[in-house]
Structures are given as structure tokens and as C-alpha cells.
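Here it is, the structure, as C-alpha cells.
Chain naming follows the written order as A, B and C, and within any one chain the residues start at number 1.
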């Protein structure tokens, strides 16, 4: 019973997406049944627009830079959680959660007022900074539980055995936490790549992929939007896979799985 | 570096965390090759003292001298000291071999030497076949040995062991105690061992340092600590004992006679505590229980009572004997022929030798 | 301060700096702005409650606020009710992570695209209407499917339900099956177990899950813009219009803070509600 419900739940989540994919291959301009035939014309048309490539590249740039900033300061912050306590931990925990407890709109308009007060031109830089405001809390939240259980005596053991603080980080802390941090980094990228609610307020002349899609959606409903949407979804999947491969997530996962598999029958 | 000079000299070591005084005025010398135990209840500061010696926390005052060199400002990685952590703190991303070789690799020893030393060490701790196992694949007892090997392979001047057996089952714990003694003998390395378990301390130590509330209560061999506690805390912490309030009645040379609620008790040697003594400690096993012969002739330290309760603990029987005034003393006898013991309600008399009574001052 | 704490502080500093500079300070600026005035796109520093008065006296704002509360509460209620059985399934009935991964993956397929999907499905030339027309069940497209509150609730439920589920799952993970077994052992039926044991234990997580969904829905300005029509407007859309079209930032800021206060009040109302209903933990029953 419950399993059937779960399958239905998943199916409904994916139905709209499946329709979008289906009609992106429609040979006619109609987004209605009956389905008249398959064609790649909308993909050709979408890819013919240089603005799409621009928007895509902008999103990749913003996404990568956001991820880089988030990963560096987010990892540091997550490591800090295992080292501080009491009131400080509470205050920081609140500060690092608040941006995701508020609607994106709130963050968007407050950043808009900040940038205008500072006289900052809105650009991909302001977009990147704004994305960090929400990717950072997501990054910290997704690492925190793992890092809070991180046994600091492991670091002390390494120092005791003759490693200097940075060596400890390189040889012990980082390798142990790498899978968690990589997962959080990829999450940050995916969030940034898809972000539109805040981006609307803080972007300048250069569009990002979601902004480009949104401007299309407000004008019309055509299979061109479907094709563009599918390109966006496919590119985030490909980019995430590429990142996982480059960052060695698969290797790390495989090793962890080997661990757990072997532990099971010991 | 003469042999007579102690390996470790702690002078006036203190430690504060914020407002809290965790250690006050710790003075302790450890000789080469000794096994010294820091024993005490949790929160007594023993683990903190160990962390100070390892260098994880700075001292608030005093000096830590190791092999003649002041270590107070030296970071942990530069101290010739290695530690076995309470929960082992093994590196989960490395296998057994790489865990043990960790310190040697940092010293940039040649590969062959690392291989040889690590293999030898795994042999010493009887884990030769486990070099390729991941940490998640070994048992608690094996993890304990890896932690030991990882520390010992660096040939530290001093090995610190922070409650290393606390997480193990009783059986494995007893076995590991023997193993620790064997390894100590084979390597000759000085051990400083932290525990809250008096049995571990008694079995393992050359000397015990009993700590309480951030201070050293008493230092001595296990035998001295047990038979001649200098404080109420020491008497109660090590083994079972009967504590009886008393009042001085008269001195007899080195000893004295004290009045208690159930009669006068003679003490052979008060160790200079005659004037301040207000408590007597009598170990249950030094009390003799015999059948009462009515109103027999009064003898020193002999009192009549009745068996209130009895408990069998393995080869021993513990009688709770209620004396005339209601005071209950616990007496421990060896279990003799089955059935040949007193039962509840039996009239008995208890007796203990003058030399078995320790005079204490306390509240 | 111990070396450990000192290093913790140093590690925290950059993130704390970013959050203070890009979150705390902007929020304060926005708060200050809400007391300023705007005359023909020029901001005039002042300290006046005029914006707040204007918003609270505007029947349009009040109506939209009530409408967003309605949309938010319905979306959250529907999401929680639909997700609870799923969360139970994921936590207690299956050992595979597949379902969780599939839900999370759907969350990462573009937010915009999923809203667009509903426009495609519900529109007057949409999939439902065209199918019904083709099947001869209707001869006029059903107009009530799109551009109203129902369309907004449907799309928002779809968009935000992965978060609802995620928070419910993490709340349920803290409930050991032993507690449920113990309750049954003591003679509690399924409903008594749920109300007396499970619910008080997941209380916080349930409220967070509910409120999170509610706030996300009420603050969303894109879904209403694409699907909402006149009855599907939310305060999010109203506020964003002040910043993107009318250009009266102080007025928009004041509406944002009024909404903030309203939703904080709603949060506490829900918490108190649970207390009163004796569904919160650490309540004495005697």
C-alpha cells in the first residue's frame, strides 16, 4: 500500500517534467494532444539564438565562482562548528540558517538595497555575491551534522604523531571530510545554476540561464521554451556529473561503500 | 642524562579553563621504565593533566620537563611523547598498516625502514594478518592494539594511555591488561596510564597517583595505597572499607585507643594522626567472624553482633554484622566447605587485629 | 580561550563576515528604508510610519495578505498531508535511498521549468483541456484551470513539496521504531500511537516543515505571476512589483516587514496551537 503511494508520489513529481521533455520534440508548434510527430526543430531554433549560449556561459561562470567561494568559506565554517560551543555556536548557527528560512524575495530586495546604497553596478559579480548568501547556509547545513560528529581527537592524534597543523588538515581532516564537502559543493552549484528569485533583483545587463528562460516564458508558450528548458535541465545534470567526476566523488563513494560492504560481514 | 634523573618532572603545574581551576599545584616525577597510573573519579583532572603532558592544551602555570628539556611551550608534534586515545582516534580513511606507519612517514624514513618497523610493530601487538584491513573492519580490541602500535612504533620516551580499556568488554579488558604488561616489558617504554578503574590501576602500576578535585591526593605503590591510605578519600576510593567515627581516649606509644559508638578500638600505629584522627578505616577482609560464645571474656577489638545479611561473591562471603549499638560492619571471609557458613540471625563476634586499623582525619 | 576555540573562531570569521555583510546589514538597510519616503523614484531619508500606515489602510494589501495566508496555509497543509505517508515510508518501510534521491533530483530540475510544466498542463490550450476536448467530454476549454488560486496552489505544492518531505524525513529519523513498538506494547492503537507518541516527538520538525512550506509559498512571486491571474496574487508579487515596477522601495520594504511580522505571528500561533492541543513534548498529562 505505502509503497504504491510512494511510487505514485514520485510519478506525480515527474509528470510535468516528462510532458515538457515530450513536447520539446514536437514537430508542430502546438503544446496539445494529439501528438503529431517527433522533430528536433525546436532544439535547432533554441541553439540558434546566441543569447542562450551567453546566458548558459554566464550561469556556468556564476555557478563555479559561487561554488568556489562557498566551498572555501563554507568548509571553514563547518569545521568551526566542531570547535566552538555555547552562545557563540548558537548565534552563528542562527546566522547561518536565517537566510534560508526567509523567502528568496526578502534576500533579493535587501541585497538590491545594499548594492544601490553602495553604488555597486549590478552585474554577474553582484549575482555571484547574492548566490553565496543562500548557497553558504545550504552548504553549512548539509555538512554540519557530519562535521559535528567529527572526532577532534583524530586531529590531535595526528599532531601527537608529529604532524604540524596544516599537515593534519592535508593528511587527515580533508581526506576524511572530502566526500561530505564535495557533495555540499555540488549542491551549491546546482542551487546557483537554478537560482532565479534573487537573481531577478540583483542582475545587470547580463542574463543567466534561468533569467533567459523566464523572459521567454512571460512572452509565450511554445515548444521553444520546452527545448530550452530541457537544455537547461540536461546541462545541470551533465555539469553536476562532470563536477562529481573531477572532484573524485565517485572514487570517495566507492571507497566508503567498500568499507560498509566489508564491515557488514565482519 | 643520567639514569637517576627522572624522565618526567612536573613542578607546580596548574590549569584553569576560564574561571575554573581544573588542576592545582601538581608535582610529580616519573622514572624511566615505570608504569605510573593517574587514578581518580571522572572530573578529577587526570585526563586534563595527560593532555597537558601531550601538549594539546597549554599549562596555566608550572613546568613540564621531559628528559631534562622544558616542554611547556613545545607543540604536541615536537614532543617525544605519544598517546593512545580513549576512543582510539584511528584514522578512518587509512588502513591498519597506514595508521601505524603514519608517524614514521611524517619523519620521512626510508620506505623499507617504514615497512620493517610497521610490520614488526604489528607483530608485537599480534595483528600481523590485519595490515590491509580498514578501520571499520576491525573489532574494538583490535582497534585498541592498532592505537597502541601506532603510538609505540615512534619509540616515544613516554607513552600516554588515556583510559584505553574503558570501551572494551570485561573479558577483553582483562586480556589487554596482560598484553599491556607484556608490551611494556618487551619495549621498556615508560607508561603513564589514566584510568578511573582501581582494579586496572592495581594490576598494572608500579606507582599509583590518586587524584581528586584537581589535586594529587596520594602517591604510592598499589600496596601502600591500599594498606596505608592517608585520607578518607583514598581509603574509600581503593577497595571496600568500613569507616567508623571515633574519639581519642588515650595514646599507647605509636598507637592509640579510640572510643566508638560500640566500644573502644585499639590502633597499632596512627602514623602521627593521633591528635586529628576522627575516623577509623577497617577493610572487610581483615575482620574475622567467629561464633559468639555468649558473654565471653572481653578482648581488644572483639565485639558481639548478629548476622544481618550475607552475600556470596564468587569465592568470598560478605557478612553484614550488626553490632550491639546498631552499627553495621561488613566482613569478608573465604568461602569454606559448602553450607558451613553463618546465616541471617546467627549470633557472632567480630574481631580485627590492631594493625589492620587505619586512623584517618576527615569529615 | 583554548587554542581549539581560537582556531574555531578564525575558521568561522569569513563566513560570519559574509553573512553579516550580505545578510544582516542588508536586512537592516531594508528596515531603515521602510521608514523612508519615496517621491517620484527619489528616496527621501526620514523616520516615518507613513508606509506602514498606508499598507495597513490599503484594502488591496490586506486582501492580498489574506489571500497569501490562504494560499500559503493550503499549500503547506496539502504538502504536509501528502508527504507524511511518504516520509513514513522512506524512514520506516524501506531501506533504499532511491526514493529520497528521486525526490531530491526532482527538486534540482529547474524551479521555473516545473512551474512552466503546470502552465502547459492547465492552460486553456493545455494538455487537460485539449485531451478533454479531443475525447469529446467538453466542447469549451475549462477556463477555471489556470490563472487562479487553485493553479497556484497546485504548482507551488509541486515545487515545494520536496522541502516539506525532506524536513519531515529528518524529523521522523529521530523517532526510534522502539518508541512506537513500546507504545503498541502498552496497548496504544495506531491513532493513539500517532497522537500520543509520534506527533509530540516530531512536533518541532512538523511545525518547521509546515511553516517553511507556507513561507516559501507566500513569498513566491514567480508562480503567481505565471499562473496566478487575479485571485492567485500573493504578497510576494505585490512586494516585488514595488521594487521592480513602481519603484517605491520604502513602501515595498514596509510591506515586506509587515509580512514578516504576520508570518512570525503565524509561527507562534501554530506552536501555541500544538501546546494547547497537548501535542507538544514535555507536557504533563496529570
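Worth a mention:
The working rule: contacts are C-beta pairs under 8 Å (C-beta built on N, C-alpha and C of every residue); 3 or more make two chains touch, one makes a residue touch a chain.
Note that the structure is predicted; figures quoted are calculated from it, not measured.
Of all the chains shown, the one with its CA centroid nearest the global CA centroid is A. For chain B, the chain whose average C-alpha position is most distant is C.
Looking at A-C alongside B-C, one finds more C-beta pairs in contact between the chains of A-C. One finds 55 Å separating the Cα centroids of chain A and chain B. We define each chain's centre as the mean of its Cα atoms; on that basis chain A and chain C are separated by 20 Å. Measuring from the averaged C-alpha position of chain B to that of chain C gives a distance of 59 Å. Across the complex, chain B meets chain A through its residues 54-56, 75-78, 81-83, 85-87, 89-93, 102-103, 106-107, 134, 136-138, 150-151, 154. Against chain A, the residues of chain C that register as touching in their complex are 4-5, 7-9, 11-12, 14-16, 18-20, 22-27, 29-30, 33, 82-83, 85-86, 88-90, 93-94, 99, 102-103, 106, 108-114, 116-121, 123, 125-127, 129-131, 134, 158, 161-162, 212, 215-216, 218-222, 225-226, 236, 239-240, 243-244, 249, 252-253, 256, 260.
Residues 17, 57-58 of chain B are the ones touching chain C in the complex. In the complex of the two chains, the chain A residues touching chain C come out as 2-3, 5-6, 9-10, 12-17, 19-20, 23, 30-34, 72-74, 76-77, 79-85, 88, 92, 95-96, 98-99, 101-114, 117, 129-130, 132-133, 136-137, 140, 152, 190, 194, 196-197, 200-201, 210, 213-214, 217-218, 221, 225-226, 229, 232-233, 236, 240.
Contacts from chain A toward chain B in the complex involve residues 151, 153-154, 156-164, 167, 171-172, 175-176, 255, 258-260, 262-263, 266.
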